[in-house]
Amino acid sequence: MITLAVFIFFAVLAVVAALLVVVQKNAMHSVLYLAFTVLATAGVFFALQAEYLGAIQILVYGGGIVVLYIFVIIIVNLKEIVPERRGLVPKLFLVGVPVLLCAEVVTLVMRTGFPSAPSGPEGSGFREMAEMLFASYLLPFEAASILLLAVLIGAIVVARRRHIDDPD
Amino acid sequence: MNILGIPILTLVTFFPVAGMVVVLALPGSRTRAIKLAANIFTGLEFVATVLLLTRFDASSGDMQFLERVPWIKAIGAQYLLGVDGISLLLVLLTSLLTFIATLSSWQAVQKRLKEYYVFLLLLETGMIGVFLALDLLLFYVFWEVVLVPMYFLIGVWGGERKLYAAIKFFLYTLFGSVAMLVGILVLRSQHQTFDVLAMLAAGPVLPVALQSWVFLAFFLGFAIKVPMFPFHTWLPDAHVEAPTAGSVILAGVLLKMGTYGFLRFSMPLLPDAARRYAPAIVVLALVAIVYGALVSLMQKDMKKLIAYSSVSHMGFVMLGLFVLTPMAAKGAVLQMVNHGISTGALFLIVGIIYERRHTRLISEFGGLASRMPVYAAVFLIMTMSSIGLPGLNGFIGEFMILMGTFPVSWLWTAVAATGIVLGAGYMLWLYQRVMFGRLANPANESLKDLTLRELATFLPLIVLAFWIGIFPKPFLAVLDKPVEKIIRVVNPAHFEVPR
Amino acid sequence: MTSAASSGLGHFIPEAVLLAAAVASMFVHLFAKRGGRRAAGYVALAGIAAAAVALALTPPSAETFFAGHLAADGFALFFKAVILAAGALAIVLAFRFFNVEGSEPGEAYYLILLSMIGMTAAVSATDMVTTYVTFELFAIPSYVLAGIFKKERRSAEAGIKYFFLGTLSSAVMLLGMAFVYGLTGLTGYAEAGPLLAGGSGLAALVAMSLFFVGLFFKAAFVPFHMWAPDVYEGAPTPLVVFLSTAPKAAVVAILVRAMTSLFGGYSLEWSGILQAVALATMFWGNLAALTQTSLKRMLAYSAIAQAGYLAIGLAAWGEPARMAVLFYIAVYVVMNAAAFGLILLVGGGGRFDESVDGLRGLVRRAPVAAASVLVVLLALVGIPPTAGFMGKYFLFAAAVDKGLVLLAAAGALNSAISLFYYFRIGKAMFLEDAVPAAPGAGPAVPGSVSRSVTVVLALSAAALLLFGILPGLLTAPAVSAVLGR
Amino acid sequence: MFALIPLFPLLGAAVNGIVGIRYFSRRAVGVTAVGAAGLSFAASIAAFAGLLRSAEPVLVKTLFTWVPASLIRTAGGTTIPFALDLTFRYDSLAAVMTLVVTGVGLLIHIYSVGYMSHDRSYARFFAYLNLFTFAMLVLVLGANLAVMFIGWEGVGLCSYLLIGFWFTKDSAADAGKKAFITNRVGDFGFLLGTGLLLFALGTIDTAGITAAVEGGMLAKGTATAAALLLFLGATGKSAQIPLYTWLPDAMEGPTPVSALIHAATMVTAGVYMVARLHALFSLSGTAMAVVALTGAFTAVYAATMGFVQTDIKRVLAYSTISQIGYMFIGLGVGAYAAGIFHLMTHAFFKSLLFLAAGSVIHALSGEQDMRRMGGLRKRIPRTYFVFLVGALAISGLPGLSGFFSKDEILASAFASGNYLVWGLGLAGAGMTAFYMFRLIFLTFFGEERFSGETAHHLHESPPVMLVPLQILALLAVVGGYVGLPRILGGGAWFGRFLETSTGAHESHLAAGTEVLLMAVSVAVAAVAIFAAWTIYVKRKGEPARRFTERFRALHRTVARKYYVDEAYNRIFVGGVFVAARVADWIDRRVIDGLVDGAAALARGASRLSILFDEGVVDGAVNGVGRVHLAASSLLRRLQTGFVYNYALAVVLGVALVITLVIVVL
Amino acid sequence: MIPIEAVIGFGLIIFTIGLAGVLVRKNLVIMLMSLELLLNGVNIILAGLGRHLNSPRGSIFALFVIINAVSEAAVGFALVLAYFRHRKSYDTDSLNDLKG
């Protein structure tokens, strides 16, 4: 019961913050609300007893990504407020389409529902997770490391002002 | 089954490709060598096809010199070539007309010689392959191979609107052939083979409804090629813009690919559908006969006139095929050859004055007979051949078609026979306007008569025109069995003995 | 578990070689002084060659490795070969392009390699998590590649578009994967598949739809294709050669695996989706290409249309269809690489000299290249005796065998439509005379047609002819790849 | 033996046409051509003698199989092999025809040597002439309808070539084409008739047809249809109503051609064909009636036009049409031998008349208009004499050939009970006599109306022209005696000779009636000649002028050939051209228009899809309220490269796919 | 016990907000953040399902998604920056150089 209450609290918090992320005029404000969302989501993870995930969420998202956003915005001084001229009807349309899609998915998925444990209980604790990660999911883990290498190179290539040995 | 163990049909099919390689290897500056090589190769090719005759068994209706090699194992396609009387005649026609077309290009073609002869030789391989292939996929491959060189022949060496004509030709015929491809696919999925002989042996395993669909798909492909009314409008454009050699081959051989397809594939493989649609096709053929002739009357351009006359003549061929009687069908096949000879020659004839005067407008000419008597004689013979004067080749075909049609319907015969009247009308009018009358246009004053080389290009055609007209037996003899075999499959009722 | 991994490693030497080559290329680029960029390219090319050799020596295996995450079957090997070919072609063409551009981002070479690692792993992946990670592994470098000419606004714009839309679609795919996991509790295709088929109905279909949409997007199937013309137009041409071919091959492999094992119980439904997609893609791509004025955009739409034919093969489930898909994807890579490669022939090979007119009279300047392009065009249209015809033929035949005659007919019709725009190129090259150089034309002198481009085109043309006349050379491995599983 | 007959002219044509045209002297050309004709004539005589001696009434020679056998299904429901052989058959009918063709042909060849001596295309002329002889011989010797058709069309071709011999003259070229095409219309009937017979009987061999018909294998209706179709062919070739209009125009050809082709031989091919298939025609009363009536009407109708012609050759042309009408009367009443008899005598006197007219024209340096002649009796007396003989023969002066043949036809017509036909025939006889003598009086009597220049050159023809004329005149006089009727003491040998090929025809007339009929026709002719003399000699043409004044419209109508040419031009030629124009329009606008339309449609679809791709989603979103913008700027707005509308498309696509899967599948 | 439907619904709402953000906003940075929301939504669903099924795979999957989110953020920012240098703006309205 308490977990449910905690879940609902954080869920509502996350939804409200997420909405605010999207509607801000100033990107800097959005980042702050994004931090709220991320933290609220971490709370949800805790409520779902995915403590490890919650921790990662706080560390990587809250400590990494959000800070990255702030840094970038400050570094390149992107404080411009983009005037977003768009009429009400198009806005409603653009919001309506994803909402309808979501509604469609929800109704269809909920009609069948999810079976309780089709593959048998494996336990969802930190220990089981760690074991399985290094036993079964070693390969994607390795692949993720190559991914990060690629991202490193890619981000540097694109973000740097010029190529390393460009004459200009 | 091959002569002395040599895969003779492969040789015949791909010999022009060898010529193509030789021409490609020659430096582009040595024009004479290129011309010579092309002429020698097409000439030798003709000789090679004639050599086929030495071992050909005319009394058999079966495929001969079969060559069967597995090709694509995954789908069971084979490299399967064979020849029977029908193919033989058309192969001979092809090699002869290609040779003549090559010869006629000696002076007519001045630019980009090397490419020209390369395409011409490639075209020949494609055409011969079409007539020899007995595997549907292989057939389709050759069928399409023909398109590309023709596209370039029209597009590079053609007249003013060559680009339009070339792409129209290509697109139009491609639309037909992809429809045919779908038909081939369905046939294959039903028979589990591409082998036409095996399909024939298996008999009509397709239900009639499916046959009809396949037939219609094939129909599109073949009818556009023939071209049947109302799919014919690419033809006048292509003919008018094509260079002379292109027109000769286009009219002489390419159109036959369509009728050949009907006879070789549509009819025996889909007999029920063929029977079912025969009346409709006959009606279209009759419309083509009359309509083509009428439109011919209105043409101001000589080539266009002859192009429309082809529509009419090919209507005759289609009529002969689809009344489904052996006599008419044989006449139709012979008429294919005849049309190749006479229309091919007529295009050469137009080409000759076009080369001299750079116009094909009828109104530019008149009274040429007094300047060019030999030319006039050749033109006259071919005109007469085209309108079916007895004693010349055209008559035999038309006569057999009409006689073969009569038992099926006197009305069809009557309508077709009006085509003969109209045919005389537009051809004689053309002849009169070009050859007769006073030599009014000063530009024509200095026209030279045929040179010996030009006369030599006509000679084989004239000989053939008389030969087929007077003694067609050798030609009809090779046709007898294979055509009857096909008609027996399609229209067994015709052979039934009452009670 | 560790033993399984080490024993399995023998089957994935090509990936290892690629990784090593990527690192080597990077170091060469960073530490070699002058000409380091080009050297990086050569290293990358050598790496691909070595990987190809390794691939050739790798026997197919029926087992899966790394705890069921990777397969090393003939199917995967076939796709890996295709991807290697695409990468190699792109790098060779890049040499020329970077020369003309006067700027050579050497990072491109190892980004291509890294992306290829993602693809080669993705075609082997038999687990959703692996699929997802490897999918991102090849996607993220490809966003960078599209935008690598960051000084060029169009390239930067292409990169950012590709990024946003790609990420969006991969998120959609991820949502589908999440649902699959929710319905089965598992992430491996082979294990989850039977559970999924066990009567979960609607949810499974929704999951499948979401899963496929991400893939459709990457394959640029209509209606998920809109990014493609923009990105292909903006991205550097040789990288477009890569972006328009290799990811599609990888996606098709993923699709086939997912369709056969994970969603094997829903073949009727996914066949339906793919039929619709195939129809839409072919018609849309071909029609839109018809009136394009920019050569590159036209080819972009043509690439979309070509993918539509592939969808026919995917829709026609069954082994012949899969064989056809394999055959066609191989042919597709060669055809498209050559098609975009031919843009480098325009004028002097400059990047944005992209109108068809630039090819006018090419046959006079470069007969070999022109003849090769002709063969490529014929293959793109699907005219025998080219492999393009055979590929289409197999696809249509597979469809007809499954009773999808109308689909095959639509495909055939489309191939006829496509003739019109493809032969605008043929017309320009062969039938029209070169226009006199316009004032302010690119620096390249007409008459200098790069040897490397010519070589690539000629090799492509030769391959297309060879596989067109003797398709058995390609069908044999394709058949064994399909049946050997 | 008889197969050699056509060989010589063929060789002659080939030699002159291929070699002679370039390398032969005039003399060599002439010798070759005349030699060929002469050898052919000699062969004809030999063959004739052979036939007389032979016990077999029919000789057959098959050269080779022309069209090998094919299976055809006949009306009886049986499928039989049908082959066409290139076969010649020689019987009494063929014998008569070959003799006439080669005999008259030889004379005309000789005549032409003189007549054409100044023409540039001397060798070409003789090549054509020989070729014509060959074709005509194939026609008469052909044993089946197909071989006959070779000749049938061959003579048509030669006629075309010879009419248009002076092709630089537009009128000549036109006339040639008209002749050919009109004949083609007839061929249409011929071919269909052939097809019908083949279908009905399984054979088109003439003897086979006769045998089958006599064996009762042919239904009457079928026989009528076949006979009428074939008769359509005959009207074309023999210039009968309705296909006669080409013949007067054919006079554009050189005069010997008119004599040989358009008087003596080719135009009688129809007569010959009907006689050849007499069994078929006899079976159908309707067909016979049609033949007889067509002949009778043509005889009178053509004669009326003969009254008003001023061109000497045209008078003869109408006369020919009229006389062939007579032959058809004979055939139509079953008197086949009489028809052929008249064919033969007509060949003699009509070619005589034509050649003599040629001699006149020759003498007057090419003048053909009778209004510029007159008084030539004294200038060219020999020509006048033979002309007079011919005119008397055609008018039916007792004792001359025309008298016997014409009377036999009229008698047979009377005997058949078809008095309308008889009456028309009789009227025609009178009219013939009238216009022939009108011609004579205008040409040879009265004052000289030609110019002094012409008078200066006026001369009698050379012997090479006159001798054939004289021989023909002799034949025109005595030719009738081979068929001297019993009543006049003859044995009607001609009729009996032909019995083997045309069947017996017994006249049922009493002797007295026959004599009476003869007397009537002689009287009519005499009155007509007298009338002509009165009008044109005694009153110097005054009554004719007054008549013309009085009935101007009538005169003009007749002089303009009843406007039939104009009507034909309007209706048939014009009709065809209207149809052609319509077809041409359809071709360019409708059919090709559809093709181009399809292309345009594809382009339109293309533009539309691009438009959609590049932001119709955005347009749908932003379009509201922006309608007032100019179209071009709207288009610019639509073509955005924004991310979000692509993203929107992706999202919409997802929704679409899910909906598709759930709802449709 | 938290009902699974609630978790999935919640995740989908976050997902939808992200989706709408990508669609509606023209500010590239905010669009990037919306992408983060998308992935967050899926992560919630994955975690919830892992709990619901009593399986660790959900969390593992989500872990990889987070790794991916980081990668995307990095590359995305890099591209936005590069673009910004051309445009001095992160407004998508200016992102229309590539059009027909």
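Going by the order they are written in, the chains are A, B, C, D and E; count residues from 1 in each one.
Methods note: a contact is a pair of C-beta atoms (placed from the backbone, for glycine too) under 8 Å apart; a residue touches a chain by one contact, two chains touch by 3 or more.
Just so it is clear, the model here is predicted, and its values are computed rather than measured.
Contacts with chain D and chain E are shared by A, C. Looking at contact counts per chain pair, the maximum sits at A-E. Averaging Cα coordinates per chain and for the whole protein, the chain whose average falls nearest the overall one is B.
Comparing mean CA positions across the assembly, the chain most remote from chain A is D. Distance between chain A and chain D, defined via averaged C-alpha coordinates, is recorded as 99 Å. Averaging C-alpha coordinates per chain places the centre of chain B 66 Å away from that of chain E. For this pair, chain A with chain C, the centres built from the Cα atoms lie 30 Å apart.
Between the CA-based centres of chain A and chain B the separation comes to 70 Å, rounded to the whole angstrom. The residues of chain E that reach two or more other chains are 4, 8, 15, 18-19, 22-26, 31, 49, 52-53, 55, 57-58, 60, 64, 67-68, 71, 75, 78-79, 82, 85, 95, 97-100, listed in rising order.
Residue positions of chain D touching 2 or more other chains, listed in rising order: 610, 641, 643-644, 647-648, 651-652, 654, 658, 662. Per the contact rule defined earlier, chains pair up in contact as A-C, A-D, A-E, B-C, B-D, C-D, C-E, D-E.
Of all the residues in chain A, the ones that touch chain C in their complex are 105, 108-109, 111-115, 117-120, 122, 135-140, 143-144, 146-147, 149-151, 153-155, 157-158, 163-166. Interface of chain D with chain E (complex): residues 610, 614, 639-644, 647-648, 651.
Interface residues of chain D, counted against chain B in their complex, comprise 21, 64-75, 77-79, 82, 86, 146, 149-150, 152-154, 157, 160, 164, 167-168, 170, 173-174, 176-177, 180-181, 184-185, 187-188, 191-192, 194-196, 198-199, 576-577, 579-584, 587, 591-592, 595. Of all residues in chain A, only 3-4, 7, 11, 14-15, 18-19, 21-22, 24, 27, 30-31, 34, 37-38, 41, 44-45, 47-50, 52-53, 56-57, 60-61, 64-65, 68-69, 72-73, 76, 78, 80, 82-84, 86, 91, 94-95, 97-99, 101-102, 105-106, 109-110, 113-114, 116-119, 121-125, 128-129, 131-133, 137, 140, 144, 147-148, 151-152, 154-159, 161 touch chain E in the complex they form.
If you check the complex, the residues on chain C that touch chain A are 1, 5, 19, 26, 29-30, 36-37, 66-70, 103, 105-107, 110-111, 114-115, 117-118, 121, 127, 129-130, 132-134, 136-137, 140-141, 143-144, 147-148, 150, 159, 175, 179, 182-186, 191, 195, 198, 200-207, 210.
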